[in-house]
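Given below, in the form of structure tokens, are the structures.
In what follows, subunit A forms one complex with subunit B and a second complex with subunit C.
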Partner chain A sequence: MYIAETEKSVKNIVVDDMILTTDMATSAGSRMLDGYISLFEAEAVTKLTEAGYKVYAKANTGEFNLDLMGETSFYGPVEADGVLTTAAAQAVKSGDAMAAVTLEVNGSSARGAALAGLTFVKPTYGTVSRFGTIPAVCSGETVCVTAADAATAKEVLWTIKGHSDKDGTSLPQEKCVFDEVKEIKKVAVAKSLMVGEGAAKVEEMKAKLSAQGIEVVEIDGEELLLAKSAWNILMSAELCNNVSKYDGVKYGYRTPNYETIDQLYTNSRTEAFGYLTKSVVLFGSETLSEDNYFKVYDKAQRIRRVICEALAKVFGEFDAILAPVSSKLSYTAEEAIANPYIAYEESLYIAPAMISGVPAVVTDGVQLVGPAFSESSLLALAEKL
Partner chain B sequence: MKYETVIGLEVHVELATKSKIFCSCSAEFGGEQNDHVCPACAGMPGMLPIVNKKVVDLGMTAGMMLNCDINRVTTFDKKSYYYPDLPNAYQTTQWFAPICVNGRVDIETSNGPKSIRIKQIHMEEDAGKLVHDDWTDTTLVDFNRTSVPLIEIVSQPDISSAEEAIAYLERLRDLLRFAKVSDCRWEQGSMRCDVNLSVRPVGSDKLGVRSEMKNMNSLSAISRAIKYEIARHTKAVENGETLIQDTRRWDDNEGKSYAMRSKETAGDYRYFPDPNIMPVVIDDEWFDGIKATLPELPEVKRAKYIDELGLSEYDADQLVSSRALCDVFEDAVAVCGSAKEAANWIITDCMQVLNKKKMTADMLDINGTSLGQLIKLVSEDKVSRGNAKRILAAMFENHIADVEAYAKEFGFIVSNDTSAIEAIVKEAIASDPKSVADFKAGKEKALMALFGKCMKQLKGNANPQVLREILIAEINKA
Partner chain C sequence: MDIKTLERLQKLNQLKLTEEETEKLMAFFETAGKDAEILDTVNTENVERMVYVMPMTNIIREDIAKKLFTRDQLQEQAPEAMDGYWQVPRLVD
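Take a look at the complex of A and B:
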């Protein structure tokens, strides 16, 4: 098919269903927000539009983007050649979109990119405004970019990053510059994360890095194993709190099956929330209860600090950590849906970067996790590979 | 056996900020229903809270007025509960690190002075208001009050009678209004009180089973409710009944309290730190800046007004009843130099204008320096008292920076040009020979008629003494 020069230059960006737009519905993959049109748009969307990009479509997500790769979406999962993928990754891979801008909540964007062989960058927490994103796990969720290559990912990330007055967790502008590229010379592989099929991808990458003259060293990284449970606790607690306002009264789905106001609330929520959201809500509510707060939630916050300190120690010696992104190299929608715990289990790999807010770049099916503000260095390495 | 009462009060005070705690909506009382609302305070997904710095300023001010320690790192937490007037299904409040702790309020009662300890003061957002329409049997929500900033002042259980509770609340109200933390209006709900009460045998160090009365909104109701609860608790304890810890509603019309919910059915608020709000760090500069704005206490001002400025006790009491009056008074005295005159102008003339406008003393919003200039012009006989009142009325509408220039512009300056006065006096005498004759015949009143005519012609801008003298002189000549 012939594509006219002008059309080729149209810079199409797809944003996922967690990022608010005023001309398209934003449903967070949930029946609860089916058809919800926001009164305001995400700051990332404003920045993209002002820079001449066209936010042309919405990519489906799993409910509140909590799942493996969209299998819990009210609108159904996306499969390509019988394999589960995310709608965002599929839009980029097919060439429809030059990049996807998504709210990474629980690893689905990283997995979607890794399994589709794309480049993905999760910037340092606080460098891209979360204004106008549907809140799910506010202490970790980050607006991220997926593209076919590192240069494009960088171009789009550089468009959306920067200080925001509308986001209290936004870092000062000088922190959001991070243009300096530091050559990556020494990379650590955490043995603790080298489980599952993804480890094979790491082995391939080790060879590539060595060929580039980069030193690869194995470390234990035992503390990083703690990230999974701690993240699952924090994720559940925050999500539970954030979705409790959806009640079927002011907007969103309202059940036809009610006589009393309590039935309206209960039935709307029962009918509109999917199994994963329900389990996260129950778990989260439990972790925040008076009896469990210090035993569970507060402890998870302490572990968060332990992990940040452990990572700081590793980054004192190494430029990045190389790790798998998922336990398998492909999933079917059927198997993802069959295992209601799959998203909790798979957070083993993404939890260290999510819980600590450090940047991660996915390339060639693996992730490189670096210290805060090392995006330029990580992307430069990804481009070289 | 003798019993004693143990009372702790939780007082909610709406802060006197222009905008809400996390968005730029107006925090003003009233307005059309759902006029002061935006996607943020309506809880629409995607808006993030940005802390209004003025809220922290006032929180700190309140703490300093109540002798508290200020937490230099203070955090906001989410309190989860579901209610239709709370659009986020959580209230943002302070649970783990409130802005102020360990304070003290000194009160006077018939038993002498007493200190009531303050446990903590925390900042939080108010909820909306449910409006029930009996006609259609529907309940509607007004979100105007949602996210209006509040502080909650939690006392230690140091209060032992209704009298002490009222003394504490009145003192609290005086201090907070004086520091401009809040207008503290019970009738508008900008001051509300929860009463925690229990009864125990005198000498016991164990607290009795407590009840909590929520949302009390007048001093008389609080006083009545406390007396009622003391009697109810004492009777139950005396009769060996088991009291249940519960939350109660006071019905002021019936003079009775009713159980709303017991502890067993109370919700678990699942507090946790709000990840969208970074800890607020109060550095020395901020702390000292607020400290410098603290007013003198009302009793300190009162003593100063009497001892140093020579005001009567009555005048001093009138002025210190409101910080606004004190501010205007002090600025005016600094310019005009006469405390007595300034006090008179404020207590009599300004209050008259305020009363006419159905406003309270706290709402006095004229520039004290301008008032001082005006008083000075009057004392120098440059502006007549009558015209000065007109200028004062204008000051309530607009700020007048240079009162003398204003008086000149609008022709309010007393004329010292005796020839102009003479001309008008001659004209008046010529046009009213009857009054002249009457005066000459000994009717003093006739002079007043002529005087009034002349003053009217002169638009009030004549020194009355000078006018009178010229008038008599000219009549005698005629």
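Take a look at the complex of A and C:
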């Protein structure tokens, strides 16, 4: 495991390799930024430190957090008891860290928490500053919290949330207050997402919710299937733009194999980026090409509105949607590496919340997705279960 | 997706794939292309595009120059630097 450790304390927080710190390297799991030490730190790190927490270690991620659970990291994957996990989840599960603060880009944090039996909260988009995080998929990525229980996840999330002048996507302070707890009485299960082994966890949760007197109703949720396709396109296009700045000139990896400036650019990027990042960049670039911009990229942005409207309709009738987080209940590093596009397939489950910016709470291996600013209600329910 | 398009994309993005990677990627483009086909089945004629899910407002600051970091600090991470300049190969003969 790639964890740079400093002094340990009971208020230890681990942050992932996408969140900038000035006393530890931030590499985005990439050879491109191997050993990179930022001159400034993330807003989340500042808030944690000011509140008395100790950001004591850095957790490994997949390259730009695009993959299933860290298998594309330049430093190698993390396995525990023979199964793939994230370094952040492992740090919390082992008790080394009271919580992990990570940049959720494409579902790896949610999957890591779900498969390790931890609690995870992805707050409403814009409620936690992204200042000082390595940009990958700006319109959806969110700073999230993983902890052993809902109360701890809430404590840490409440510490890092709030408006920031340094982040253009940060919501006004009055919007970042989500203290009101609304009792969750009616939960929808989208049949469209009930595929794979993860569905069994949903069945278990249905019984738990019913025992709490919560009505659980099955809905078709066909529109939610569109989220995966639209998200994969938007994610690729945004990543392509965000990594175009890595050219080996001012910082980051520079190839020793060059004579001309073109060779410097191409060989630096080719040698530093892993295969998944290269694939995402090339696919994203194609979606933004003259021929495809309106047909593919612009279309995906319109579909984003279709999905948001479909979710609003569901939330008009239900307090939350219950869904699996992944198609399997465990993965080995070997199988994830063997299928470089596994995260594109697994985005089926995480895309609805990622593309629409609504909050999601992972508990007992499943996710509860609620309307914007419902994180208090979702966490309160998770605490009861 | 044809090989010529893939070569053009590699050039545009300053990336070079191996033959094996190219083959794998061609197959991936076929699969990923299905995402576009799925979206194409939905009529979005009267749907406005949504770039960000939350309303965004510009953050206006006073137009005052701030010196946040020194040249030396910025060049600490430089792959190659000399006399306060970033070094790159000769661009013009």
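Here is the rule we go by: the second predicted complex is superposed on the first by the 376 of 385 C-alpha atoms of A that agree within 3 Å, B and C clash if a C-alpha of one lies under 4 Å from a C-alpha of the other, contacts with A are read in each partner's own complex, and residues count from 1 in each chain.
In this section, a contact is a pair of C-beta atoms (placed from the backbone, for glycine too) under 8 Å apart; a residue touches a chain by one contact, two chains touch by 3 or more.
Here the structure is a predicted model, which is why all the values come from computation and not from measurement.
S.K.: Looking only at contacts as defined up top, I'd like to know whether subunit B or subunit C touches more of subunit A.
M.R.: Of the two chains, more subunit A residues are contacted by C.
S.K.: So, A:Ser244: does it touch subunit B (first), subunit C (second), both, or neither?
M.R.: Both partners, subunit B and subunit C.
S.K.: Once the structures are superposed on A, label A:Ile134 by its partner contacts, choosing first (subunit B), second (subunit C), both or neither.
M.R.: In the superposed model, A:Ile134 contacts subunit B only, not subunit C.
S.K.: Answer with first, second, both or neither: which of subunit B and subunit C does A:Arg305 touch in the superposed model?
M.R.: It touches subunit C, and subunit B stays clear.
S.K.: Between subunit B (first) and subunit C (second), which, if any, makes contact with A:Thr169: first, second, both or neither?
M.R.: A:Thr169: touches subunit B and subunit C.
S.K.: Should A:Leu39 be classified as contacting the first partner (subunit B), the second (subunit C), both, or neither?
M.R.: both
S.K.: Determine, under the contact definition given at the top, whether A:Leu20 touches first (subunit B), second (subunit C), both, or neither.
M.R.: The answer is first: A:Leu20 touches subunit B but not subunit C.
S.K.: Quick one: is A:Tyr293 in contact with subunit B, with subunit C, with both, or with neither? Answer first, second, both or neither.
M.R.: first
S.K.: Under the stated touch criterion, which partner chain does A:Ser285 make contact with: subunit B (first), subunit C (second), both, or neither?
M.R.: both
S.K.: Would you tell me the residues on subunit A in contact with subunit B in one complex that are also in contact with subunit C in the other?
M.R.: Looking at subunit A, the two contact sets intersect at 39-40, 139, 165, 168-169, 244, 247, 249-251, 265, 285, 301.
S.K.: Subunit A touches which residues of subunit B in the complex?
M.R.: So the residues of subunit B touching subunit A come out as 39, 42-51, 78, 80, 82, 84, 87-90, 268-273, 275-278.
S.K.: What part of subunit C is in contact with subunit A in the complex they form?
M.R.: Counting only subunit C, the residues touching subunit A are 1, 5-6, 9-10, 12-17, 21, 24-25, 28-29, 31-32, 34-36, 38-40, 42, 44, 47-54, 56, 58-59, 61, 68-69, 73-74, 76-80, 86, 88-89, 91.
S.K.: Inside the complex, what are the residues of subunit A that reach subunit B?
M.R.: 20, 28, 33, 38-40, 42, 130-135, 138-139, 165-169, 237-238, 241, 244-245, 247, 249-251, 265, 285, 288-290, 293, 297, 301
S.K.: Write out the stretch or stretches of subunit A touching subunit C in their complex.
M.R.: Spelled out, the residues of subunit A in touch with subunit C are 36-37, 39-40, 124-126, 139, 165, 168-169, 171, 225-226, 228-230, 232-233, 236, 240, 244, 247-254, 258-267, 269-270, 273, 275, 278-279, 281-283, 285-287, 292, 295-296, 298-306, 308, 340-341, 344, 355-357, 372.
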